[in-house]
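Chain IDs A, B, C and D follow the sequence of writing; residue 1 opens each chain.
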Amino acid sequence: MEKYTGIKIAYIGGGSRGWARTLMNDLAKEPMLSGEVALYDIDYAAAEDNEKIGNDVSARDDVAGKWKYVAVKTEKEALIGADFVVISILPGTFDEMESDVHAPEKYGIYQSVGDTVGPGGAVRALRTVPMYIEIARNIEQFCPKAWVINFTNPMTICTRSLYRAYPEIRAFGCCHEVFSVQELIATIYNLKTGENIRRADVKTNVIGINHFTFIDSAFYGNTDLMPMVKEFAEEHYESGYKTHGEHWMNNSFACCERVKFDLLKRYGILGAAGDRHLSEFCPGKWYLGSPENVKKWMFGLTSVKWRKDDLKDRMAKTEKLVKREEEFKFFDSGEESVEQIKAILGAGDLVTNVNLPNHGQIEGFPEDAVVETNAVFTGGSISPVYAGKLPVPLKGLVLRNVMNQETLVEAAFTGDMELAFSAFVNDPLVNIGLDEARELFNTMTYNTRKYIPFYKKI
Amino acid sequence: MEKYTGIKIAYIGGGSRGWARTLMNDLAKEPMLSGEVALYDIDYAAAEDNEKIGNDVSARDDVAGKWKYVAVKTEKEALIGADFVVISILPGTFDEMESDVHAPEKYGIYQSVGDTVGPGGAVRALRTVPMYIEIARNIEQFCPKAWVINFTNPMTICTRSLYRAYPEIRAFGCCHEVFSVQELIATIYNLKTGENIRRADVKTNVIGINHFTFIDSAFYGNTDLMPMVKEFAEEHYESGYKTHGEHWMNNSFACCERVKFDLLKRYGILGAAGDRHLSEFCPGKWYLGSPENVKKWMFGLTSVKWRKDDLKDRMAKTEKLVKREEEFKFFDSGEESVEQIKAILGAGDLVTNVNLPNHGQIEGFPEDAVVETNAVFTGGSISPVYAGKLPVPLKGLVLRNVMNQETLVEAAFTGDMELAFSAFVNDPLVNIGLDEARELFNTMTYNTRKYIPFYKKI
Amino acid sequence: MEKYTGIKIAYIGGGSRGWARTLMNDLAKEPMLSGEVALYDIDYAAAEDNEKIGNDVSARDDVAGKWKYVAVKTEKEALIGADFVVISILPGTFDEMESDVHAPEKYGIYQSVGDTVGPGGAVRALRTVPMYIEIARNIEQFCPKAWVINFTNPMTICTRSLYRAYPEIRAFGCCHEVFSVQELIATIYNLKTGENIRRADVKTNVIGINHFTFIDSAFYGNTDLMPMVKEFAEEHYESGYKTHGEHWMNNSFACCERVKFDLLKRYGILGAAGDRHLSEFCPGKWYLGSPENVKKWMFGLTSVKWRKDDLKDRMAKTEKLVKREEEFKFFDSGEESVEQIKAILGAGDLVTNVNLPNHGQIEGFPEDAVVETNAVFTGGSISPVYAGKLPVPLKGLVLRNVMNQETLVEAAFTGDMELAFSAFVNDPLVNIGLDEARELFNTMTYNTRKYIPFYKKI
Amino acid sequence: MEKYTGIKIAYIGGGSRGWARTLMNDLAKEPMLSGEVALYDIDYAAAEDNEKIGNDVSARDDVAGKWKYVAVKTEKEALIGADFVVISILPGTFDEMESDVHAPEKYGIYQSVGDTVGPGGAVRALRTVPMYIEIARNIEQFCPKAWVINFTNPMTICTRSLYRAYPEIRAFGCCHEVFSVQELIATIYNLKTGENIRRADVKTNVIGINHFTFIDSAFYGNTDLMPMVKEFAEEHYESGYKTHGEHWMNNSFACCERVKFDLLKRYGILGAAGDRHLSEFCPGKWYLGSPENVKKWMFGLTSVKWRKDDLKDRMAKTEKLVKREEEFKFFDSGEESVEQIKAILGAGDLVTNVNLPNHGQIEGFPEDAVVETNAVFTGGSISPVYAGKLPVPLKGLVLRNVMNQETLVEAAFTGDMELAFSAFVNDPLVNIGLDEARELFNTMTYNTRKYIPFYKKI
């Protein structure tokens, strides 16, 4: 077995109580890699907590991958010498997110997530892009050749901003939403055949933009799985299909795949993200529009109250880990970033879906807009794989969102609030009059104004 | 002066009581051209009326352009030997149009015209495309080299269908909506300077799709008129600007340019069609949404009752002309088709806006989709002029409609009602739930089913 | 009649004894325009001569267009306040050109002109681009909104350099070669029909790059002239066709159109430049290769000795004009620049062929490479007209030269002699071994080294 | 271990005495696959020989992959039910190839291979395309979903013809030339470091067209190998580098990489095919031009006499195998087709270079032209990987050949000898006058006329 030692990972947002644990978990389980993880966070104390937890994990005998975790006080310290940069931040706090998600409800606009598109995603973009411009410039200065993995939402806009601020950056955006749909396809196959294949056995063509991604071809071996998936979707069109143990009504993240099945029925192509995400890219009355309609389509609206409560739990758990009152429990993360890192280091080719600037991998999409398709990870490079084209009616739906995202990035780079509003008011969920939309936009941006350097009332 | 004699014009829809008079008028005034106009109409008697009226006009001493008008019983007779084909038909009757325009009102969807986009435009497309496929095939068979001028709405879809059915066709679509905006620009200049320039003095770059067309550059001589237009729009943003004598509330076609001014303010580019048209391409709550909102934006909803009454007037007038109780009165049509015909015949170059398949004249728009830009008419050819690109946020708005139109054409060519619905439900005006949309679609297509060969309930 | 007064034209290369007279001539005959021509030349005395001659012309009673000619000592003085900039310079002297044209003859490489492509054109490019970078930067600084008309060769490379150095420049390149082919088409029509049409009656589609331009459609009125042209070319394939009074063997610029006819026969499309130019873009053995082969194809090799003698004549003539021993004689220039200036000022639309960056007007050609097609000149703007695509085999021939030109521009902007050599050695005329080519390149660049800031032996 | 049984491979050209052995060898060594190989050849007896040899191999105890070999009398029998189609034919005989390669020598045109481009490649294309049209139509009829692997030269033209005749074909072209350059890179690394990596450890980006392919990025792990390769090429620029045991002058296939090193020096990108191939795409005097120049660049001209002698040896060997006088000896083929088959069947992803229609994998290359880049083979699909763009000067060299190949395909599909000549005469090796070229073209096509259905003297 080859070993890659002395790898330095800079973790921006390294005080995280969520995704940081996933990274520790996955690094600990991987025997081929070792090195240092530099944790940078605006909350230094949180980074220190992770330093302790991480080093405790590394010290354990049952851990194959040995890493040194170091909390640092500046982004610069984290970045200098980094081979990989992981970015997973919360832009602002859950208070800002509360405004993003819930302020629009007064206008009859319901969002199931509110961090990607919709009025919430748009306003989140305005506060996130300035942070990403700074990160990109620091990377250019301190580790221009590092590989940069983004996990923050809005994914498309974050990745696009990195490339716009520093065009030679070697960045890509990672998201696991597609994986769960590949899992669903495996499940369908297993249900239909009695076999027991896993997600990794399902080979798919991925095409779209993050959270509004699609699968138009799925194979197990040389067997085309799409007919089976379509049949299954037809059978469960009304009832939905519940994968998770818990009832979807009690779970902020669960869904019954009805949105996916409806899109498949109408467009002949399978939505490859959770229904909570897919629904936000569609005209507002289709799947959202009212809590009743959401219930009918059998998915949940994730409230920010839930997120706040959940954060408290995670903080409590962190404290226990820091104080060694509890031991870190390993789990199957289902993430691929460690696999991607290995492939880039030359440990074997990997084909998986990521977010990259478009260079023709999706036909008829604008050059440089960030899209999600398969890519080949191999020693020293990542290259997108040609994904083909979307069915024309769906292309219209997706491009509408692409143009809004491109507009938001332009608005945030140039500090143009009116331009930002032109994307906001054309969002599929913003089905309201122009005056109301302006009022809502002003309220929402006011609520997050301290993170928008170019904020002004319009 | 050169003379072009022996020209044959085939007029499909030649029983018209409206546009046929315009053609007679313009041909009569033009001394360079003469020949025959073959009038074909499914209502042969109406074509015969026009034969009489046309020949009476031609016989007058004060008429420079001498044409022989002949009503014919088949499209084939009209087309054989034709140098030009003019298509101006009413697809179906005003009864079908009544359903197109007013059936959606039960769902809170108001349309100011209802013949281009919106639910009405979509359903009208489904009954028009089959007619255009037949026309295109007849042209291919009987006069493959003829120049084909379309005036029927939905313009984009009609022109696109001609090219799709017969790719070598020499067709273009003509519409005068842009002219009235050039007129408005001339008026603004005159008001600001006290001079007296005419529409033809204003040189504009035209970019967009029919009825959702834009002007991003306007010059009088070497003087850039856009700053003046923007200033004027700012001044009249709230009050609107009334060009026409009659009050807009009493006139089905009038508007006060407020929609145009709002788009200019928000996108920096001037809408180049009547507000009644522009508003139908935008998200439904912006300018339409309710009769009150329409009133606020100061334009009228053209009811089909008005159209029916107007038709009665025109039929009465026709009878008087046929019976020679009244004499044909010449007027200034403001149309350019006779000029275009002359330019194609080699009488001098002409640059004007028309609808043609995209071959790069609009950057980032799909190849072959029909777009409206300037084109050069010269001896034996029409070539589109490079128009540049739209501002990104507006591009999103326009492309959404382009994709819907492309989808409708595909649906009508393949006879796929579900595909047609996928465009219908993504129309900017169809801000309703999926079930309601399906119900409305079924009602509307049922009402026009006799013109849809592939009709079925979905 | 409208009048445009107070126009300022900056003339870079204003000491010219050739093209300056054409401009004086054309301005003098045009009653609509008046203003000032600022003459800048590195040879100030020559500019002063033209100041005198120009003002003498303007003072004459029989002159409609009144202009003040002023010799200035710096480019800056010429440019400040300019509405139009005319650039017509000789890059270097005829001594450098002597090396460009004749040095390759030792290697069996014969060039008929040597100022566009071929080894001579390549080396000329290397000394011209630095001059054009400086001009572009001065225009950006002193008259950023001026319209810039280039006449210097290599045309494509000069125009491309202007745009590369200052992307917002409003520049275009003008060349009369296409006109003479339109003239030829008119002549063919007249010979065949006994009529008497003029060049302006022939409407053509123009497609290609400067001096390797083509006409694939030609109409007189609605009559397709191409069949007649092909028939004529067939009839005169062996004998050639002599338009000019003088025999082609005694005239450095004459040809018998055999190259054109051969290209038409083999590619179905008419070369639209003199045979001396067309032949230089083709593989070296086709039409050049040896003086005997050139004779066989019936065109002349323009020696630089001829140019030097001709210059002496022109200088003598200049002296007479300055001393008023001779009066300026008006002539029919056949140029269109004054017409173009008028159209830009708003005096009426003009469609003619010019050199502009490609934005899709030629399908499958690189974005931004400079191409020659029709364009619309209208008030305040120039827009290219869609020209379609070249036949595939010809596209290969043309693109080879486009890539060489793109490479030369890149080489001169980055000062990379090896890169310049990579274009040189792939030139269609450079049919020699790599070592010989390197030797020749070193000799030729050495000869012109004082004009190449980045010169070095490679 | 998964097993894929019941696979049917149709082998067109199945009487081969060369490549058939490689396939037998590789199938025999692969335990995961089994099924039937249907051998079709116009020489049925030769197919029968392979049936015997193949079944003898399969019967051996030391053989893991069990296949049944069946000689069939018609292409139809081979194709019906086929999962994979392998095409490896000799278009015509070595007599035709003798004309292709050696007839041009009279005109000073030397070809090192003569089966891809050059006059030989062009004429070979004319007789091959009609065969490929027939094969494609049979595949469409008898096994429309089969995966088709082409090995025949001219590779680009064969693959292009398959797609042009049957656009839904699932075909790709395989060639091992790139592999040997990856081998060379591994060798360079090993020489420089003393390590011992293998070809498969070297990850490259592949870009170009078959036999004129390039590598612009090479990594071992995360280590960029290009600096090392450039250094090595510099060191061995004059002397060349001999990989093979035998001296290159005595070996028809060997080379000393000098052409490759020269292209690398001049274009900064590594040629990824044997020098014998690379040289044929370049202007004729660069590396070919005369036997002396070829010797200087240290590679061999493969004479057809050698091929004929070699064939005799292989026929003798075949006889021994058929008569069981000799036993089949297994060898390391270095081919990847069995790996590709496995990946398509779902046995694991594979990234390797193949020939596919361009859909943007090479920027600025014509859509649908066949290009060679990496592609992902995975269950049920092959998708090209984005390869970027070529350096501009090299792009000119490559596109010239692409256009010639596109022209030849068009000529053979439309039966247009003049069009074929327009490619022939623009070939980089055809540095002769137009009359001579026509004479040579007529001679060469006459020699192979029985295989050109549309043959005529031009």
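Just a few scattered comments:
The rule is simple: contacts are C-beta pairs under 8 Å (C-beta built on N, C-alpha and C of every residue); 3 or more make two chains touch, one makes a residue touch a chain.
It should be emphasised that the depicted structure is a prediction, and the values quoted were computed from it without experimental measurement.
Taking the mean Cα position of each chain as its centre, C sits at the greatest distance from chain A. With centres set at the average Cα position, the gap from chain C to chain D is 45 Å.
The centroid of the Cα atoms in chain B and the matching centroid in chain D are 56 Å apart. Along chain B, no residue makes contact with two or more other chains. Interface note: chains touch in the pairs A-B, A-D, B-C, C-D. Chain contact summary for the complex, chain B toward chain A: residues 262, 266-267, 283-286, 289, 293, 364, 366, 392-393, 395-397, 399-400, 402-404, 406-407, 410, 418-419, 421-423, 425-426, 430-434. Within the complex formed with chain D, the residues of chain A that make contact are 2, 4, 83, 201, 203, 205, 217, 219-224, 344-347, 349-351, 359-361, 363, 374, 376, 378-381, 383-388.
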